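The same chain A turns up in both complexes below, where it pairs with chain B and then with chain C.
Showing the complex of A and B:
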């Protein structure tokens, strides 16, 4: 069964980093793009993020994720370039529509910010196994229930996909045509969606009963299956990232 | 329908793992059980026959007429498939409407569909539950609804996928009676089974599949004594055959009554 995680197993220093440090990097890099909203600084953060993706051997894997954000990026450039309220200096015109320098500058900042976000999140999800991250967060005090929700959603979606295939087969066997024009597909929707929803509800109920049977809600202190992993230079890297954020704030206030 | 023929069938889910390669099988008037371990290709085979999967090579025909280009929905008029899990199909809020759904899809009038549905529900013993919500019934009853919904379509061929799973003795007896009744009506019956006792008890012919290949195919009486071949497919003999062999009798016993009669005669 396909899993819903995008994790790519590689042997790289980024993979060996503490998931919480990577999470801190995501927060810090995004925060810095707001603290220092100049293209030069954001460009620097973007460069570091892409460099980390290359060091993590997942740069190529991040490209489809970046491509997905292209629609948003394209929309930002169009909207800001043509319609930003501060637009004064004309760059070029397409018929009656004029594209402005000020709008382009705003769009550039926004686009770079989006790329930093996408890149940083890609770094996190492509180099971190979901269960490792969830376990690390639970050890840091996150509710195991939230952890379970995250992991179950990742498991349930492929399961639902498999169930959907079975249900489609069962209904096609009873003469429901699922292929063809839009009307045919709309007609097939109700016989398919009913069993999918009912199956999901049943599975969820059975899953929760099975969890309770295994003491999920027990008030006892839980023992973790995996021993606490040692992450070398953890504090140093986390301190460095925090230091850079503080430096950025100081620069912004006094610079 | 007299004959369903598969010729030189090749199928794979991915390019590097082949499920069938040059499979030839013909199903005729005999009731047939298909047995084999998990992953042997049983469900894939019936999905190909039902048009749910398309083979990469080979031909499928019913009474000599090719059905390769027909969709599962088009084949629904001729081939019925009773799925293992009834929850994969049930979506109506009462039993009668659920059973009428298939017949209405394949062009029955409302009157014909209701008549067929009521008859099918009577066959499976659920005629008193026509107004119930299927999800208020037990799993074994829902399995019978799924069976009735195919019987109501009055197809020439009926394929069962693990009909005995989750059924108690009475349920199994009911399914056995239905299979015999369908056979008497001249329908072609095929059944995927893990229950060797049921296979031995009910079916005239047994096909043993192992890793996409037919390793045994013949009269059920001749298939089940082949202990060594069955073991290759990780299957065990029916209990009555095992008991007879443990007692040192090499005749092929596949019904309890045969063994009892034999032992009585020996006294």
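Showing the complex of A and C:
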């Protein structure tokens, strides 16, 4: 089926982990960058995250995701390096603009934090099938209705994208200008988005009837189509991650 | 009727199904905006429209789920702004419920308030995660300008967000308003939580 997840099917220990454990890792790694805000520690967490991406055989797939945040990273280094309020020690100067050491240090922490965040998140989404994650969350008590919403979006968007192409072609053939100066392009926005919106709202009407026919609103306990996967070292790994976070807090308070 | 207040969590199936549609519309709006090379994102039309149609609860849910889904399918950083999207949904939902989408002028006010709220919610997030910047070129340029004029960092960060959010939200709310006004009643009626249902 044509869905739009970034999930990459590979055979690796990371893929076999419980999605919830990976979710815990994302939360823990981001939290740790705040508990221990030193470049050395954040660098360590970053290293572990990249290592896990390599073990999960998805390091190459994570690069495009990291590239997306490149602009933010550049902007952080430039703005903090030149303009951070605590700047004192000069590093180098371009004309009248001076680049400072303190700003670079601040930027280094921020950039590594962004990288940890994006890296850990990539680890989760590249090695976890969305339906597996949603199913696990529902088993842990999330409303099945929210689960339905999340999974149906992933199917709906490719459909809407197809509708969009169709409508763009149809409107162009009727003479709607989609290129030209700003005003022309602004004017083209309504005839393009209008039909897509109407179309999708009409579909919700039909879909809600179809769902209600199938007992969507039924108060009975929902059962699962897929058999539950077994995750052997689940508790151990979760305990380990929690332990490291607690250790980090203790280190910060007493160290 | 207290039972059918706008904050009711008893959501109809139609209202729940509206959420994926809203997220799809968000996505399409963003796509068209970049296709037509418009200088705005227009990536919350669906959230705003859902709030107008079904109230603040659905609007907030659409906002949060939108950013989570965008996070797991394209850009993890957007997950951070799930809270902002929720605030947008709540603001528009409440104002629509109070009758602020009766005319174009009022819709502009809704857009201004929404942009302001979005900036207000984004600022602490930007401070926590990226030291006050947004990663948007115009916003960060304005941030730099403010910082170099000795404006406190959080105020500069707020300025950064305002520059980015207010124009985008005003246009987004206006577009949603025009679409909303164009919808037939048979369609708008099915989502409302507060409408009275006649029992035979």
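We adopt the following convention: the second predicted complex is superposed on the first by the 237 of 255 C-alpha atoms of A that agree within 3 Å, B and C clash if a C-alpha of one lies under 4 Å from a C-alpha of the other, contacts with A are read in each partner's own complex, and residues count from 1 in each chain.
The working rule: contacts are C-beta pairs under 8 Å (C-beta built on N, C-alpha and C of every residue); 3 or more make two chains touch, one makes a residue touch a chain.
For clarity, every value in this text was computed on a predicted model and none was experimentally measured.
Applying the stated contact rule after C-alpha superposition, one finds that A:202 touches each of chain B and chain C. When the two structures are aligned on the shared chain, A:98 is found in touch with neither chain B nor chain C. Taking chain A as the reference chain, the count of touched residues is higher for C when chain B and chain C are set side by side.
Residue contacts after overlaying the shared chain place A:191 against chain B, while chain C stays out of touching range.
Contacts of A:177 after superposition on the shared chain: chain B is touched, whereas chain C is not.
In the superposed model, A:169 makes contact with chain B only, not with chain C. Counting contacts as defined above, chain A residues 178, 190, 193-194, 198, 202 meet chain B in one complex and chain C in the other.
Across the interface of their complex, chain C is touched by residues 4-6, 65, 68-69, 71-72, 75-76, 79-80, 82-85, 106-107, 110, 113-114, 117-118, 121-122, 124-125, 130, 145-146, 148-150, 152-154, 156-157, 160-161, 164, 168, 178, 182, 185-186, 188-190, 192-194, 196-198, 200-205, 207-208, 211-212, 216-217 of chain A. Against chain B, in their complex, chain A makes its touches with residues 163, 166-167, 169-179, 190-191, 193-195, 198-199, 202. Chain contact summary for the complex, chain B toward chain A: residues 47, 50, 52, 71-73, 76-77, 80-81, 83, 85, 87-92, 101-102, 105-106, 135, 149-150, 153.
Interface residues of chain C, counted against chain A in their complex, comprise 11-14, 16-21, 23-25, 27-29, 31-33, 35-39, 42, 45, 49, 61, 65, 68-69, 71-77, 79, 129-131, 133, 135, 137, 140, 143-144, 147-148, 153, 175, 178-179, 182-183, 187, 190.
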